[in-house]
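After this come two complexes, each holding chain A, first together with chain B and then together with chain C.
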Partner chain A sequence: MMNTKTHSLENMPPQPQLEGHTTLPLGGESQLLLEHRALRRNAILLAMLALSSIAFLGMGSMVLSPLQVIQALLGQGSELNQFIIQHLRLERLLAAIFTGAAFSLAGCLMQTLARNRLATPGIIGIDNAAMAFAVSSIVSTGISLAPSAMALAGAATATALAFGLAGSSGTRGYRFIVAGIGIGAIAGALTQLMLSQVDIDTANAAYPWTVGSLSARSSSMVYALGIGLLISLIACLIWARRFALLPFSDQVITGLGEQIKKIRVAALSLSVLLTGLAVAVAGPVGLVALVGPELARAMSGYRGIPLIGSAIAGAFIMVVADLVGRTLLSPIELPVGIVTSIVGAPYLIWILVRRSPRN
Partner chain B sequence: MASIMQKNKQTLLQTDPLDTSLSANNLSLKHGKAHIIDNLDVALPAGKVTAIVGPNGCGKSTLLNGLSRVHMPSGGEVLLNGNNIHRVPSKEVARYLALLPQDTSAPDGISVAELIRFGRHPHQSLMQQWAMDDQQAIAYALAAADLNELKDRQLDTLSGGQRQRAWIAMSIAQETPLLLLDEPTSALDLGHQIEVFELIRHLSQEGKTIAMVVHDLPSACRYADHIIAMKGGKIITQGPPKDVMTKALVRELYGIECDLIEDPMTGSPILINIKRVKA
Partner chain C sequence: MIPWFNRIPAQRSLLSALVPAVLLLALSCFLSLLYGAGAVGPLEAFKALFNQGSADAYFVVSELRLPRTLVGLFVGISLGVAGALMQAVARNPLAEPGLLGVSAGSTFAVALALVLGASAATLTVSVAQIGALVGCFCVITAARMQGQNRDPIRLVLAGAALSSLLVALTSLLLLYDERAADEIRFWVTGSVAGRGLEQLYAVIPSMIIAALATLYVSRPLASLALGEKVAIGLGHNPGRIRLIVIVCVALLVGAAVAVAGPVAFIGLVVPFAARALVGPDIRRTLWLCLPIGPIVVINADTLSRLVAQPAEMPLGVLTAIVGAPVLLAIVRARRLPTL
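Our next item is the complex of A and B:
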């Protein structure tokens, strides 16, 4: 195989090389640069996601083997199995994958923007504000699609407020984070206040929003999130080169010919869009935004901003967390937000402690 | 503007660096409401090393940021090859002008080679991520800054001088005829200062037009061809070090008395017998 390959390459012009990378010629003067470490990391994460997804589809009140799961997905096997997989469990799996990827990608963008690993949408109050807006729409109207739009509006409002209160320091510096924490606290209190003022049935309907759960999702919101996530992933691929400049100072970014404001607005908008849509599906499961990017980073060391890696890692974490939540105390279901907190928080501490002594 | 748009990166390397000019016309720069620089005219001599000197707060760094389009002027204009620098697409400017600022924060754990690769950013695009030009420019930058043995080291494990060389290598990789440096040696000990200044001289001999903000007056005299002395946002005097460096200028800039002698080896002025002027 090597022989035929070298033979066919003889007639081609020399291709540019870079250690640890593959250049992918696209014809003419165009080429893509693929980094081996990032590819390997993403492949491993995808495999982990695939395995956990099969387990997710197989586990439940009726346990199916991995083979049965795959058959049912392909439209084979018994009709009961197909019904369970395709109608009962698949949408929940998609909801887990989409929300995990969205939270984690939003977290990675926000961390990069603020140059602070603590600055995830959950911590700077975007989750809580999205939740407060969504709950307000449930307790007052009860229209099924409204919470999605309201969550987005809440996310945007919280970001605008945090940005405004941060003053001249913008998204960099502690003021943005502190202002966000304050806004998050206010939004959380408002949510509790609203829930305490309505009758018990409405409060029950709104409750899953406040802890983070995949059991109260609506199909239309899951699809809205799926579309938003797809658009965001494409935007991230196109803008990856620019986002990679964000850790540098303003002068360096300008010196390299980019407009800082445009890059910041793009990163902030994507982060808000993803957080708002994800909260509309699952409520505030903000810890995924903190743990997902850390997992992606831990698997690659520094090599750019792990946007795609964060998305896959977040999806994996969410799938595993919801699987644990559904099966651990079955038939009682633990909300996924509680599982991510119980499992995710110690994991996050372990990663930070393990990584702190740099060589 | 059209002319510069047509000079794309294919012709940049062939452009005689002496043809690239950077100047300011009636330039005014403000920080908030404070006027730092008012109606200033300046032109960088082509192919030479220019040192901008002056006391703290005299507007040296602000001028450099204005010239490099980081700081938006409140009046007047900065001209790159005769074009208003803010009217030319920023990516286009970045192929003519590289800037090494004082704030050199970088991503955690980045290696020297990875940092230098960022210098190629203005020459790359979504569909052109790693061309033969890029490979050659990186190889040249690594060799020019003598970093081949350090290229896989993490930036934060290097000494101050090595790190500054890595940053300069990033600007070399940018392949621009103009290079602006803001206090490139401010945090370095004497040995590392010389290391950086000699690299700057070397780049000048290769044909680059260089301007740098420098605090140390003797170093400015020794390594620059042209001195711009600033105070209170104005240029007091400019010219070759031997011509502009006088006792009176030193007194005006820094409020100190001194004597000037000629370095017997290089002929550049040296300050001796330095005393504070009694108020």
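Our next item is the complex of A and C:
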């Protein structure tokens, strides 16, 4: 993982080289602290993501070889191939990468914040609330806000409600999570209610999106998500060192001279921002937020908080899941939310019923 | 003399809570016959009840609203009792067939049967019950695997995960087979609208079996609430009690799902209210669940007809909106009550 740390080079004795780390001068007084293990993990994950992306672009009703895919991406090869890759499949790939990365990063932040591996935005109802708000803006003409903005508002509302209802117990313990399950149930019911009020064509069009699908995305929302993701990634890089303190007790954080509240609010708002924007693109595919960080952790053993690793792992999972959904039962297209549920839910059950839970 | 509603729940006599509940149930049934989404108003319907109104009104009341009310009565009883049984056997106030994936299990089984070529009219009750049984076993096994350090909320999470898995598998099947999707679409949101009496007749045998089994098992179950060792000491076999209860829950939930589709949160709200009125003894709770379950379902159904006139709102939506706050209330209690 990359961390920035500022310290004055003249006044300090030369720092002992940390084992397994490299420091890169960034110009001026800044240095970049790179952990070898994290670098290796992220490189492997990136390679996996690249391979799956090429497969994603190549597979479909017309199968292209990896070479053809790369040629078409570079603007060579036949016109038809270029059209298929650049106009039809590339945007969907970007949507998959962005949503996967956003969900997974949001999940990792939320897990760290709540010190609980189960506390991901999907489980505590943020996904469903964002979806309910977004659907309300799609089905009704009265509200003229864009679905992205509504999804963000929904995500923020659900988070505020979950925290408010969990009361003094804060994010610790399961009370917070069950409050979230309740909120999610209400939001899901409201979504169904809105869909039952509109005419059947609108409801049918909205259906795949409510189970989580990349087929109904709109490009403006994908771009909005891309911008939000970029901002969040930069923020994560800058704040990574502070987020890494979250697993420690409040006293330790205060003792190290950091403001707990500030860190928590930053992590929570990033998480809400990412979830809201991602739901506006793909609907609730929340289980990616559970599995992505786990994959990133499994790649290098648990050490630190794999924020960047989670984002890449989430993108990888989403690309693979959508690829499977598109090709497994073709010509029927499985919504990606169904694929991730079938993979993610047994994993969640396994975490829950193991005899000695780690958290 | 302390009035009955000021006493601690366990001190109240069962009758003092049961009689008002039954009266309320009668009133709810009456209202559900009078009000509807159509053109027949309460006054006309009232006349029709005494054979004096127009032929139209008579038809609406006797052929449309009466079966619906009866179905609501049945669904309320089964889901309420199933919830109480399930909470007793999982010793967890949050155990609810809808939340824990039992309803999702029967939905999945029905979808599977439809995809394999069955028709919606004939097979559904027993198939739904088998699905419910499988879902029940999964969840109770998960609950027991947690062993000593079990946390009521972990079970709910596991159930939510099982539900989402089964719902995803159901959607998968339905995407695969459009005919099945078309047949199942009308009941998958949970509703008692348009159900006829013949569907009710089909589930009566399993209701009788479940009622007898519940009567037989309620006393051992009450002793199980005192702990496994106490139950063994009193001469009961905990494994067998659990098995009977699970089968009962599966019969009830499967039947209710076959008739009305998955209606969530009834099994949570009803035993919660019953316990608040007469205390935690399962024998008393079960009696009170009999009127309270239908009260909740029938009133929710009446409301769902009135809220979005002239269209209707799915019943499952309304019960979720009513039930989720109860879930929050249980969780917000300072100390989670264990059963």
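Quick notes on this one:
Going forward, the second predicted complex is superposed on the first by the 318 of 359 C-alpha atoms of A that agree within 3 Å, B and C clash if a C-alpha of one lies under 4 Å from a C-alpha of the other, contacts with A are read in each partner's own complex, and residues count from 1 in each chain.
As a convention for this text, a contact is a pair of C-beta atoms (placed from the backbone, for glycine too) under 8 Å apart; a residue touches a chain by one contact, two chains touch by 3 or more.
No experiment lies behind these values; they were computed from the predicted model shown.
After alignment on the shared chain A, the placement of chain B and chain C results in a side-by-side fit free of clashes. In the superposition on chain A, contact is made by A:E258 with chain B only, not with chain C. In the superposed model, A:S196 lies in contact with chain C only, and not with chain B. With both structures placed on the common chain, the touch criterion links A:L90 to neither chain B nor chain C. Look at A:R175: by the touch rule set out above, it reaches chain C but stays clear of chain B. Once chain A of one complex is fitted onto chain A of the other, the partner contacts of A:V211 are limited to chain C, with no touch recorded for chain B. Residue contacts after overlaying the shared chain place A:I238 against chain B, while chain C stays out of touching range. Of the two partner chains placed by the overlay, neither chain B nor chain C lies in contact with A:L73.
Once the two complexes are laid over each other on the shared chain, residue contacts for A:L46 go to neither chain B nor chain C.
Closest CA pair between chain B and chain C after superposition: 18 Å apart. Chain A uses no single residue to touch chain B in one structure and chain C in the other. Listed in rising order, the residues of chain A touching chain C in the complex are 118, 123, 165, 167, 174-175, 177-179, 181-183, 185-186, 188-190, 192-193, 196-197, 211, 287, 329, 332, 334-335, 337-338, 341-342, 345-346, 348-349, 352-353, 355. Those residues of chain A that touch chain B in the shared complex are 14, 16-19, 21, 23, 26, 29-33, 115, 238, 241, 244-245, 247-252, 254-259, 301-304, 358-359.
Across the interface of their complex, chain A is touched by residues 65, 68-70, 89-95, 97-101, 103-110, 113-114, 118-119, 121-122, 124, 126-132, 134-135, 154, 156-157, 174, 182 of chain B. Within the complex formed with chain A, the residues of chain C that make contact are 94, 99, 142, 145-147, 151, 153-154, 156-158, 160-162, 164-165, 167-169, 171-172, 175-176, 189, 264-265, 308, 311, 313-314, 316-318, 320-321, 323-325, 327-328, 331-332.
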